[in-house]
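Listed next: structures, encoded as structure tokens.
Each of the next two complexes has chain A plus one more chain, namely chain B in the first and chain C in the second.
Moving on to the complex of A and B:
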């Protein structure tokens, strides 16, 4: 059967959209790669009730294509729908540093997922480092799990813009205060203008070098901190693979939508982090607005709420950028591309040979050609070649076997 | 709780837990080495994006440890 709406991604945006659409009488399919809905944000919480929605879990969507009467969504089965909503979220962004490929270095989101979703303690003694307000809930989650959090290091400095943004969204201000008081009660120092600039150890992390940073992130005044695990996060990268496959217009790292979540491609909607990282409350609003582009008019209240949360997200973006000084943390031998083990030296050699853009550097030195397809190092390689990071086209959004491909081919011709 | 085997040795996992999380919690932090530098690899992103945590499950290679739910009796190798 064909659906009115296929939603890819069962996080806050996708769940909301599926629920609202079902309530409006649309035939809805909701697909997610995980065995339980919720996405990263709601991992480990009680599964939400979804009445009237065909929920398809464990479905890793590897491609979407336009067909004569809508879209074909390919996972381990193929789902067809008139309209497609992509709500595939984001993954952590990490800047490279010496030792960042040692086991025991985790992304901040990964460390949190291990507690919330997997119910394990990612480490015994940990340092949390990076930039952005997400570091606070990560540190608190780790504390609650019994981890000894030694320090939380925010590379940026407090910004007046951020204070103004918090005044815009009082609930966020309360949330931040709650985290801060929890850290203070546990005597965990929160240091701005500091970063983990190297991790040390033989087979696993045994300690890190912490440096003070200039406002542009150049390191000075180094010291070492013993710990067995590090959680690092420098913001998020929207997962826009499926939207790029369909040719949706992008701006920076995200997909462009109108006020009702319509992308530049007819019939394709996008909601949540893929439209620009803005957090779960914004994703919920966008999920609902996406359905209003199909049925009825968007309530002015939702439009106003979206505008307010977007202003807040924009202020966050401007307050917690990744600043160029991180390049000074690297040595020539630092691995930049983890999959292909491409060092800074190899990237510099490619540039010396005349590679002046990320694509030519990739062709000469292979960063981004491995299993992750540049998901981890893409932004860093772009920055190291003097370019703005841009989303990369990936014809396959997930790895699939040749056997799966031939199966799809047979179904197509059946 | 269920039990699977990593390189022949028993590892406990909670119901629904990934192989990667169970190994990490058991103190096994790396389960493969890289092709060029022989560097150890284990969990990094833990949400299926980085492909650092690849291992072989019941003979099927290149499975993401963080995305593969542990089943009783699984034979896992690096």
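Moving on to the complex of A and C:
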């Protein structure tokens, strides 16, 4: 059967959209790669009730295609729908540093997912480092799981812009205050202008080098901190693979949408982090707005709320950028691409051979050719070649077995 | 030199060896076109007796020399194995190889028929039920992007990243090129612009794109494919004139541990969009040859454009309209393999030397 709406991603945006669309009488399919809905944000919470929605879990969508009357969504089965909503969220952004390829170095989101999803304590003694307000809930989640969090290191300095933005969104201010008091009660220092610039250990992390940073993130005043695990997060990268496959216009790292979440491609909607990282409340609003592009008019209240949350996200984006000084943390032997074990030296050699852009560096030295297809190192490789990171086209948004791929060798199915 | 793909880079290198200084102009940089979208094949196995086979045999020798002189591009004389699904196809393959071996010339084709019972001595993971095959020890592989980059670097040629807009013509001769970054003057201009080589209005050539896809698997600690392995259908597809989609199983591993799966041929202009139905066909053919691949993951896929000419022979030599203009293009899917001998020919033609391989069949004027 063909659906009116296929929603890919069952996080806050996708869940909201599916629920609202079903209430409005649309035939809705909701697909997610995980065994439970909720996405990264709601992981580990009670599963939401979804009446009138065909929920398809464990469906790793590897491609979407335009067809004569809508879209084909390819996972382990193919779902067809007239309209497509992509709400695939974002993944952690990291910057490389010496030793980040050691076991015991996790992304901030990965560490949180271990606790929330698997009830696993990622380490005994941990340092949390990176940039952005997400570090706070991660540290609190770890504390609640019984981890001894030794320090939380924010690479950027406090920003007046952020303070002004928080004043406009009191709920966010209260949330931040809650985290701060929880950290204070546990005597966890929160240091701005600091970062983990190296991890050390024989077979796994035994300690990290913490440095003070200039405003441009050049390190000075180093010291070591003993720990067995470190969680690093330098913001998020929207997962726009499916949208790029369909040819949707992007700006920077995210897809471009109008006020009702319509992308540049007819029939393709996008909501949540794929439209620019802005957090769960914004994703919920956008999920609802996406449905209003199909039925009815968007309530002015929702449009205003979206604008307010987007302004907040913009302030966040400007206050917690990744600054160029991280390149000074690297040595020639530092691994930049962990999948293919490509060092900074190898990248420099490729550049010396004439590779002027990330694509050519990839062709000559292989960063981004491995399992993660550049999701982890793409940002760094672009920066190291003097380019703005840009989303890459990936024909397979997820790896797929050859056996599964053969199933699409048919006119009726493909 | 217009084009920093494998042909342009090889020409720059050969010219440097002959004492000629080159400037290479490419709008995308090194290996940004067809060179960056191929497998790096150096094949004699798929070539019928004739001028292209002669060029391929000479190229095979030159690649071995280049590996010693320059190196750093994963040259691997792994050999090719063409397999037949049925006894009839095996008979045809055997006759084809017989014909190749009779090809006159200083270096001949080495090929040996492999009976069904011996196939697994060559490829332990081949499927059951194949009728046999032919082994070609001269087939080899390089990492094509590295090869182009290393040869270009070793040539000492300056690389200018900009588009060539047109030739600068003085009377009946070409005096240089107009680029996005100004005019470049030269004693000779070589057109090695690959798929786009036919599109200069002052000296057009009938070169068109023939699209192909490659699937790339997850990396293996020990890849299950040792040779370049392909089915007999590949040979007929390479030589075919069909407009529609043709696919044949072509499987090989790389030094990085991945397995590359081809090959498709389609004439759809300059469109490089992904077509999952074609990818699915490639997957089906790969699994049919190597069932062990079935549960392995595909990580990525890419499309490339093979520059082909009406008679499927490369276009090499002086232009028939403008003096001081030379063409080195139209190599279709064999550009990596044929590049060194092409460069040797072009260098002889520019410097007044005598070519090792007869250039007449490749002359650009043959389409006039």
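As a working rule, the second predicted complex is superposed on the first by the 409 of 414 C-alpha atoms of A that agree within 3 Å, B and C clash if a C-alpha of one lies under 4 Å from a C-alpha of the other, contacts with A are read in each partner's own complex, and residues count from 1 in each chain.
The working rule: a residue touches a chain if its C-beta (ideal position, glycine included) is under 8 Å from a C-beta of that chain, and two chains touch if they have at least 3 such contacts.
Everything quoted here is computed from the prediction, not taken from an experiment.
Undergrad: Clash or fit: chain B against chain C, after overlaying the two structures on chain A?
TA: Verdict on chain A: chain B and chain C fit.
Undergrad: Taking the superposition on A as described, I'd like to know which of chain B and chain C A:324 touches: first, second, both or neither.
TA: A:324 contacts neither chain B nor chain C.
Undergrad: Taking the C-alpha centre of chain A as the vertex, compute the angle to the C-alpha centres of chain B and chain C, in steps of 10 degrees.
TA: Nearest-10 rounding gives 80 degrees.
Undergrad: Does chain B (first) or chain C (second) touch A:388, or do both, or does neither?
TA: Touch status of A:388: no partner.
Undergrad: Touching A:69, do we find chain B (first), chain C (second), both, or neither?
TA: neither
Undergrad: For A:114, decide between first (touching chain B), second (touching chain C), both and neither.
TA: first
Undergrad: Thinking of the overlay built on chain A, is A:399 touched by chain B (first), by chain C (second), by both, or by neither?
TA: In the superposition, A:399 touches chain B and chain C alike.
Undergrad: Tell me the contact category for A:371 with respect to chain B and chain C: first, second, both or neither.
TA: Touch status of A:371: both partners.
Undergrad: Once the shared chain is lined up, is A:363 touching chain B (first), chain C (second), both, or neither of them?
TA: Touch status of A:363: second partner only.
Undergrad: Could you say whether A:144 touches chain B, chain C, both of them, or neither, answering first, second, both or neither?
TA: neither
Undergrad: Could you state the shortest Cα distance, in Å, between chain B and chain C after the structures are superposed?
TA: 7
Undergrad: From the superposed pair, tell me which chain A residues show up as contacts to chain B and also as contacts to chain C.
TA: Touching chain B in the first complex and chain C in the second, residues 340, 370-371, 399 of chain A appear in both lists.
Undergrad: Can you name the residues of chain A that touch chain C in the complex?
TA: 63, 65, 74, 245, 340, 350, 352-357, 359-360, 363-364, 366, 369-371, 373, 394-396, 399-403, 405-411, 414
Undergrad: Give every residue of chain B touching chain A within the complex, in rising order.
TA: Residue list for chain B touching chain A: 14, 16-18, 21-22, 24-25, 29-30, 34-37, 39-52, 54, 62, 66-67, 69.
Undergrad: For the complex, give me every residue of chain C touching chain A.
TA: Going by the criterion above, the answer is residues 4, 29-32, 36, 145-146, 149-150, 152-153, 159, 161, 215-219, 256, 258, 261, 274, 276-277, 279-281, 283-284, 286-287, 293-302.
Undergrad: Enumerate the contact residues on chain A facing chain B in the complex.
TA: Residue list for chain A touching chain B: 33, 35, 40, 91-92, 101-107, 109-111, 113-114, 118-122, 203-204, 239, 335, 338-341, 370-372, 375-376, 399.
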